[in-house]
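When the chains are written out, they are named A, B and C in that same order, and each has its own residue count from 1.
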Amino acid sequence: MLNKNLIDLGDLSSAQIDKLIRRAKKIMQSPADYRHACDGKILATLFYEPSTRTQMSFQTAMLKLGGRTIGFDNPMNSSVAKGESLKDTISIISLYADIIAIRHPVEGTAMAASLYSEVPLINCGDGGHLHPTQTLTDIVTLSCEKGRLDNLKIGVCGDLLNGRTVHSLIKTLSKYENNSFVLISTPELSVPLYVIDILEKNNCKYEFSNSLADAVSDLDMLYMTRIQRERFKSEEDYEAQKNVFVLDKEKLSRAREDMIILHPLPRVNEITVDIDDDPRALYFKQAQYGMYGRMALILMLLQDDEFMIDSAKPELSGHRCKNPRCVTQTEEYLPNYCYEKLGMEMCHYCDKRID
Amino acid sequence: MLNKNLIDLGDLSSAQIDKLIRRAKKIMQSPADYRHACDGKILATLFYEPSTRTQMSFQTAMLKLGGRTIGFDNPMNSSVAKGESLKDTISIISLYADIIAIRHPVEGTAMAASLYSEVPLINCGDGGHLHPTQTLTDIVTLSCEKGRLDNLKIGVCGDLLNGRTVHSLIKTLSKYENNSFVLISTPELSVPLYVIDILEKNNCKYEFSNSLADAVSDLDMLYMTRIQRERFKSEEDYEAQKNVFVLDKEKLSRAREDMIILHPLPRVNEITVDIDDDPRALYFKQAQYGMYGRMALILMLLQDDEFMIDSAKPELSGHRCKNPRCVTQTEEYLPNYCYEKLGMEMCHYCDKRID
Amino acid sequence: MLNKNLIDLGDLSSAQIDKLIRRAKKIMQSPADYRHACDGKILATLFYEPSTRTQMSFQTAMLKLGGRTIGFDNPMNSSVAKGESLKDTISIISLYADIIAIRHPVEGTAMAASLYSEVPLINCGDGGHLHPTQTLTDIVTLSCEKGRLDNLKIGVCGDLLNGRTVHSLIKTLSKYENNSFVLISTPELSVPLYVIDILEKNNCKYEFSNSLADAVSDLDMLYMTRIQRERFKSEEDYEAQKNVFVLDKEKLSRAREDMIILHPLPRVNEITVDIDDDPRALYFKQAQYGMYGRMALILMLLQDDEFMIDSAKPELSGHRCKNPRCVTQTEEYLPNYCYEKLGMEMCHYCDKRID
């Protein structure tokens, strides 16, 4: 079903991703050429939970294109506090704005919102589910800094169980030729099975590691994520491993000179501050690449008629999704939309199995 | 007393309302002609209580005219939290901005603020008192969709006792030729006597109804409002009537094909979601008409020297207004301004009788 | 050490201050000439504590220069709530924005932030420490209204002990020829010794007064500040003096016709409202002068390559600053930067002595 909404980066073809990256690079090279590209257009940033970084990145992207922004960052200041449905809010905002960027703590909200939007809509994070523009940020950075998205040896480190940015990155990069992965974590925080399935299906090489120091020596890119004390079984487990997954000067000294370090931010203490000035530390510059990636995305959605996104056509299920974190639990009017996958009914909104 | 502040829609002549509507239509027809109309101008949106819809509507209106906006939507983040008076805030903001839109939970605040503003000021709601741009929204919608503001049979339904938007709409439409009204509510939530007085004075036909299903069949416009469970005397009363005032497919099937449905929003459950796609359901489009109405209003106030609003000249009363919800209770420096009506002294700010 | 950050007004030379004032006056005279001066530029306003007035002043200044703004006014809505360090926030924002205005409740934060900013940064208040653009506001007002910054007799009244704006104003004006000061306060709220030191060092005449009524009669400028009930030793002390430091019509009648009254705002009750319309009352207009001063400052920092600010080059201390309100207490990665003054090590961030 062709549309203009970016809910899931997986809905984009490789050709579309390449187009986005090429456009992002063109904007970087001559930003002045794009300063009036979106004159008179309005972006609404609807942030039902705070995320200054993502919101400012989108606002800056739109302003640098000549457009303007409206929106909110605090649900308590919005009509939502009066019990307004998502449908009503989106129905109206999409009559004010030319494009919408939405973030919400509930899974599937962006997809649900897109059903009622008259204008292109971008998912800026729906709970623990998807956050496509973070992955877009990651691959724009990779492409600009390594010159390619294939033939890469990629380490991902930290909380691989709960880190949606890691899952999305693996899913995206596994489609490119000859990428291999080193999955660095405790056994308890290892990637979920469905991610292994993706790797297997795409014939990607992968290995497990519980030592960042060992794994770091032969990587093209190291993707660090937050590891949280409370994820460990006991304080002893945490104490035993807390330094194993912290990237510091000593471990970095074992890495190749051309390895790059990314991080979705905010970091807590998994990268020591004394590394920040190392030329391989790209996690701040990554945020800037993300801004250019978002400029490219806004442009494609607003102005490129050929840039249509092909997402699964929903069908009606006889059952309601039972995922307690799914938007169908709170927005009652939503149809029981589903799609089929391996003979199972999957929720159109949160991608969990409906049983 | 001629000025440039829209505090009460009743201060506008019919000619001025017509001018606003005509201008709103022109903007709709060729928005590009107005894209630079307010270049370099700044609108301050001072929202002392949250109202995302109204605030975004004004912000969008100004942005689409080429202007820019400053403001706040959270009194706790403002100097107000430090105990600053309304007078001081307005005195300064009106030196920054070219036009002010203010919303405040206390009655009469917009009028009080206008005393100290150096620039045009628009009332975006002062407690339960007035909300002129909502009514402007309603009549722009009516004029565009029905082609006239007279010779209409209008149903208003829900909480007619407390709904200030209903009172203001009736007051405005009763000045036009040959409009008639059907007042649909429980006896407990019927319109206040002063509204009946207005209808009588203007020789408007009106009738009461306690059945939406019966009343809906012969209307040009149905204006729905929220009806709140707690307004009923008992849970039994609510249960007995809760469906009587909900517009659903069945009731809508009795309505004329050219009837239009409006609602000031947000709705709770007084209109079922399955009606939203009916062509008669205009409550979302109404929000868009409101944006155009606000664009017209901003233009008139900023650029049309002949568009002067004639509000009652205040006189000094010997007494202080005793309305506990009036701005005079909290802003002590305000003069005891009043005006005379039927031999009584009325408060210049909240329009309640001073006795 | 030459840079583009305004942390402390004391880092500016008199020539630079004069240049700022001259530019502010030029902007006032022909604002249209500057309407596109900052086209395409973005100001980030990072307000870690609310200050509507200062934030709106900066936003308006940037908008009137043709630029645009991003930012936040509520730390709870920002990544800070997730424990992100100041360094990380600034590292990223300075890749989005062309100039940063920061306010923070912790002393030394602006200086700390400037270490990690790639773009010019302006201190909008760091706890009780510095607030250079308030003093800029004061002297632009003085220069415009009195035509000079020297040969002035200046009264400062209220809480002279805790009022950082008073200290900064005295420090700045004491560098100009032949200014004299009347310090009007209770003995308990008298200026701290270091301010007296500054007056002595610059050979400024000064006198103490505990009567506003007496002192007011021979001033060129009276600078009023908030005096807080809780600053008095006892309720009796407060009652005895509460009217002594309130400027009212009676006291103002003793002042010269050409005296001007300033106030950093917000006021509570130290100036009675019935004075507001007196032509000598300039505290509202002062806010407007401040906006022009900020426009001049933004222009200088963004566009005048010769306008370099010369701040002390930091050296590494062997000790950590012990001021519990210093940014070094919360941002652990900050180097122990210091500078020498009279043989003592002073903290580079909060200017307190490191011992």
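Assume contacts are C-beta pairs under 8 Å (C-beta built on N, C-alpha and C of every residue); 3 or more make two chains touch, one makes a residue touch a chain.
Computed from a prediction, not measured in an experiment: that's the story for all the values here.
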item	value
Superposition of chain B upon chain C: rotation angle, C-alpha, nearest 5 degrees	120
Classification of the chain A:chain B interface as same or different, half of numbers criterion	different
Between chain B and chain A, distance of the C-alpha-averaged centres to the nearest whole Å	42
Residues within chain C bordering two or more other chains	68, 74
Chain A-facing residues of chain C, complex	40, 42, 44, 68, 70-72, 74, 76-85, 87-88, 91-93, 95-97, 333
In the complex, chain B residues that touch chain A	32, 35, 50-53, 56-57, 59-60, 63-64, 68, 73-74, 265-268, 273, 276, 284-285, 287-288, 291
